[in-house]
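Alright, structures below, take your time with them.
One chain, chain A, links the two complexes that follow: it is found with chain B in the first and with chain C in the second.
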Partner chain A sequence: MNTNQNNKLAYLLMSPVLIYLLAVMVLPFGWALYLSFTNKVVGADAVFIGLGNYLELLQDSAFWKATWNTVVFTGVAVLFKTVFGMIMALVLNEKIIFRNTFRVLLFLPWTIPTIVSVFTWQWIYSDVGGVLNFLLLKVHLIDQPLGWLARPDLAMFSVILVNVWRGIPFMGIAILAGLQTVSKEMYEAAMLDGAGAVKRFWHMTLPSVKEVTILAAVMTTIWTLNDFEIIWLLTRGGPANATQVLSTLSYTIGFLNMSLGKAIAIAIMTMPPLILLINYVTKRSLSSRD
Partner chain B sequence: MENKSIGKQVLVYGTLALLLIFALFPLYWMLNTSFKSQGEIYNMTPSFWPQVFSWSAYEKLLTEKGFLSNIKNSLYVSLIVSFLSILFSMLAAYAISKLQFKGRGFISRGILYAYLMPRAVLFIPLYMLVNAIGLSNSVYGLMLIYPTITIPYATWMLVSYFKSIPGEIEEAAMIDGCSRARTMWSVIFPLAAPGLAATFIFAFTLCWSEYLYALVIVTKTSDKTITLGLSDMIVGDVFAWGPLMGGSIIASIPVIIMYLFTSKYMVSGMTVGGVK
Partner chain C sequence: MKNGLKKAVAVSLLTVVVAGCGNTGNQETANNGGATTQAGSGEKPTLTFWMKKQLFDDQNTLITERAKQFGEENNVNVNVELIAYEDFYPKWTAAIESKSVPDVSFFGYQEIGQFYGKDVLEDVSDVVASLQGKSAINENTKKAITFSGKQYGVPFWTETQVLYYRKDLLANAGYTEPPKTWDELREMGKKLTDTSKGLYGIGMGYGKGNSDAEFLTRGIIWSYGGSVDTQDGKTVIADSPETVQAASFIRDIFLTDKSTPPSAIGWDDAGNNKAYLSGQAAMIFNTGSVLATIKKDNPDLYEKTGIAPYPAGPKGTFIPGISNNLGIFKDSKNKDLAKKFISYMLDKDWYKSWIEKGAPLTAPVYDELAKEAVWQGEKNKAFVESVAGFNFLGYPGEYNAKAGEVFNLRILNDTFQKLLLETSYTPEAAITDMQAKIQEVYSK
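The block that comes next holds the complex of A and B.
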């Protein structure tokens, strides 16, 4: 079959997908990009205002607060997901009984709908009848119920915990897949040489799963950076903006204050770091498969 | 040596136990709460097993509220979207994985980009699109935009899957006189059936669990999906924890069952084929 025929067949096969993605993803995105340079509000015509939205945001302390919160939320959550994911992978890589059953069970938090995990945690955190306060009171770690979602200094921790709970399995399974390609002989040789467990982990295990871990952590960062549901449903960005991140701020400005142009501008401002991260993943994934 | 290995066993199983408690406690708590009566739920001392097993939360869900219609809407949207997405994605994935053509690198990069593009960036453009063509406030609006989630995902998954099918099989069929299109349809697709099924299931769970797009597109009660139905059970600061936990169980069961059937495909699916 010659190249020309191949080209035609390929584009024929791809045409439904390509046309759909162009019409429903690329074009609306372009339109939105344009609207971010206007004062578009719901139900009114858009007037071009140049960089107005962007300049306004850069001078707005709420925007900077949300940016900082996004960095904290993402940074802390990804760090914990990576560390606990690594621990989960190391445990599951040992010769343990019912390994497959445990693997499936540990994976469950990742499979259930986000909204379900949010409500369950909200109930656990509750200051009326919540089981977390009950257990902590019982073991005398605290002496009065804490408002896990109501106190500005605790709310960020609480939303991060839910994100970490959902996200550990993804990291764990990805790292486990990497661990299983490490050769047993290498370990045995190192054991014979008298290398201790810590040394073996640091010099053999970690380097061999470094790539997988970084790739999975970058993907997790992309998702965490734009997490909306957990924060929106648990705190609406409150109390006193303590958990306001860019995605919830964008929703608030767009749908509660009806300023679509400005809301899009927020989303657009998150694009540069996002593009860097996505580029990293595409480069990695495409090079490893070809 | 003996001591050391016992110490290691204790460490491994101890860590495993802690991980299991952390992962499963919230699920157990959800189940536990859903079988309690309203009075027992609001006891200041929570009980770790329902004192009296009560189906009242489930009865309430399945009789008085619009929860059944939420389930029906979600099923309807998720099944149609997943089916059509797989149908078109498998054609595209076949081309990307098996044919050499101009622009192949660019297109496979674009698909991956579309897959990773977060919903928080796209929800306003998509909201405006759906509004502009008059599909806002209906499940059809969701059907129009949910493939932005499922198509890039399914295409990417299937590209990896098709690539794992050796080229010799196809060459043999073509030497026997099959055309390219016929080989694709009657040799490759049947061979890829398990991968197609797994991808269908994951696409289904993505739609089933979606919340943000549904939140901005649908406000009409009759067209709400299961995730909206759940969040509507919270009225102001009043939480009906019984029905909410019961509804959460109902929303989780289909995805957990589907996951149990396809768990072995999960790894490659999650890691966009880059991790092996």
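The block that comes next holds the complex of A and C.
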């Protein structure tokens, strides 16, 4: 077969995948993009309004508040997940007693369905019989129960805490996998040369797991940016929009207010950072395999 | 020739793959609640019914069995889906957009208004008239689903918010009767609150999305002579001294008296239920769900519980009506069957047994059934007696689609949440902001 025929056959063999991608990704995305330029509401025909939805959103303080909340929620949660994930991985990499049991226990939060863990946390935060308020009252840190999900400052902290609790195991398992590849002999040599634990961590451990940590952090950033369930089930974006993030705002506008065009415009506006992050992950993971 | 054959085979294979995908998609749509009459002649049609999942399993079982019985008697397949209320919106949205709607669906009256405004509901006046011919349906429940003289839903049951109070705690504080006015409620709330025991006088919540609060706040505002809607369906009249007075009253309960639990600002609809059941709140406003729960699970608390109608404001008592209905989408492919199904569900003999399983949460729409013994008990009476005095969204004007939208957007909830969280935010400023937001909805 000549090159031309080979190309044709290649295209032919690829076509099921291309058709699949076209059907489940390109067409729906194109349609969604078009709807974001319309005033589409549920039950009515879409009328093209150009950048109307986008301009309206840019002038809407609720949108900017949700954007800021998304940045805070994602930034703080990813930072803590990375730090605690690293600590968890370092501990689980040591030859400690019951290591396998600890590994299983520490990975549990990741395996529990979100709805179950969120309801558990709701109970933990409750001012009636909630264990958090109970403990703080017992040690006299507070004199009356706190509304963890009712005060704007505490509500953001509370939803971040749940997200961090759920996300640490993923970071931990990723970094632990990286740690497993680091040679033990290298550590032994460093110890013989008198390097302390901190030095060994900064100059040996961290550089060795840097790549995998960055990749896992970027992956978890993508997931955290898209997180909806934890916030929706705990606070629905309240109180006073203190935990309203772009995903909950989009859902509220799309499904409760039924303004699909505007809701999709919000989703489209969250895409550039996501595309950049996904591009980063793809490039980095592919180049590391080369 | 060989190449041509290869191409033909490949194209055929691809066509089969694509066709296969297409068929699967259609099948799923049908299974996911699409209203379908099966394509082949002689096959049974399928009627899809989306029903709100009730608090009581007995009611869920009964209604499912009744639907199946309808299927057997009419030689149709009946697909019943019991859906939690909070899951309805995404499902309705997807159904309307894909035109794959259920044949019969539950709707709160606020959704009837909203969907009527979008012109997606079928006129069911004939069903209402036919049922009315057999037994009188409460006039007030029909008001909320009547637009331009036609009904777009069939009243199925009502719910009423009442005042729950702890008789024992009130007696300890020196009260022999529940509060008759909002001022009395405030005074009692203050006196009953004892933070050292974790007890608060009033369990009112303002969590985002809380629908109980949307109704209660309207009830308070109306009783002070204010409104959150219009008189003429166009000009919002929320920004009035009366509405500000009502807002100040609510703010004082939370911020001045501190008679509500600290977490109340974040409560969802279940928040006040939990507060009452746990003994954290001495008085709450709720539908019959709490009473039904404690009757079954906590007889001691049931005995200690008193039920009273809403307290009165300077202009009297205003009870926000909660009416639940069955309706038909215009895109239903089995409209006649759907109408027959609704009539079947509202057959008085069967309906009586179903409605009483949910007492006092679900109250009947037939006047005659409200006189039954189950509704004449001391605790259940307020739930049916309130129906005649129901006021609906849109007050003082008629209920309309925009009033439904204002409710669904939870504009009151958001306004009051902010008012209760930001001490520098005055009731005057809050009501001015609220007026602007509501006017925006009416002006669209």
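Rule of thumb we're sticking to: the second predicted complex is superposed on the first by the 266 of 290 C-alpha atoms of A that agree within 3 Å, B and C clash if a C-alpha of one lies under 4 Å from a C-alpha of the other, contacts with A are read in each partner's own complex, and residues count from 1 in each chain.
Definition applied: a contact is a pair of C-beta atoms (placed from the backbone, for glycine too) under 8 Å apart; a residue touches a chain by one contact, two chains touch by 3 or more.
Since this is a predicted model, take the numbers as computed values, not measurements.
Q: Going by the contact rule set out at the top, does A:E229 touch chain B (first), chain C (second), both, or neither?
A: Touch partner of A:E229: chain B, not chain C.
Q: Regarding the shared-chain residue A:I142, is it in contact with chain B (first), chain C (second), both, or neither?
A: Touch partners of A:I142: none, neither chain B nor chain C.
Q: One more residue to check, A:L206. First (chain B), second (chain C), both or neither?
A: In the superposition, A:L206 touches no partner, neither chain B nor chain C.
Q: For A:F255, decide between first (touching chain B), second (touching chain C), both and neither.
A: It touches chain B and chain C both.
Q: Mind working out whether A:V128 is in touch with chain B, chain C, both or neither, as first, second, both or neither?
A: In the superposition, A:V128 touches chain B and chain C alike.
Q: On the A-aligned overlay, A:G43 touches which partner chain: chain B = first, chain C = second, or both, or neither?
A: In the superposition, A:G43 contacts chain C only.
Q: Quick one: classify A:M186 as touching chain B (first), chain C (second), both or neither.
A: In the superposition, A:M186 touches no partner, neither chain B nor chain C.
Q: Tell me which of chain B and chain C touches more residues of chain A.
A: B
Q: A:W31 in the overlay: touching chain B, chain C, both, or neither? Say first, second, both or neither.
A: Only chain B is touched by A:W31; chain C is not.
Q: With both complexes superposed on chain A, which partner does A:L55 reach: first (chain B), second (chain C), both or neither?
A: Neither partner.
Q: If I apply the document's touch criterion, which positions on chain A are contacted by chain B in one structure and by chain C in the other?
A: 16, 126, 128-129, 254-255, 260
Q: Along chain B, where are the residues that touch chain A in the complex?
A: Its residues touching chain A are 8, 12-13, 15-16, 19-20, 22-24, 26-27, 29-30, 33, 41-46, 88-89, 91-92, 94-96, 99-102, 104-105, 107-114, 116-126, 128-129, 144-145, 147-148, 151-152, 155, 160, 163, 180-181, 205, 208-209, 211-212, 216, 227, 230-231, 239, 241, 244-245, 248, 251-252, 255-256, 259-260, 263, 266-267, 270-276.
Q: In the complex formed with chain A, which residues of chain C make contact?
A: The touching residues are 3, 7, 10, 14, 17-18, 21, 89-90, 92-93, 96-97, 114-115, 118-120, 195, 198, 206-209, 261-268, 274-275, 278, 280, 405, 408-409, 414, 417-418, 421-422.
Q: Applying the document's contact rule, which stretches of chain A touch chain B when the two form their complex?
A: By the definition above, chain A touches chain B via 1, 3, 6-7, 9-11, 13-14, 16-18, 20-21, 24-25, 28-29, 31-32, 35, 84, 87-88, 91, 94, 96, 102-109, 111-117, 119-124, 126, 128-131, 134, 165, 168-170, 173-174, 176-178, 181, 197, 212, 215-216, 219, 222-223, 225-229, 233, 246-247, 250-251, 254-255, 260, 263-264, 267-268, 270-271, 274, 278, 281-282, 284-286, 288-289.
Q: Sort out for me which residues of chain A touch chain C in the complex.
A: For this pair, the touching residues of chain A are 5, 12, 15-16, 19, 23, 41-44, 126-129, 144-152, 155, 235-241, 254-258, 260.
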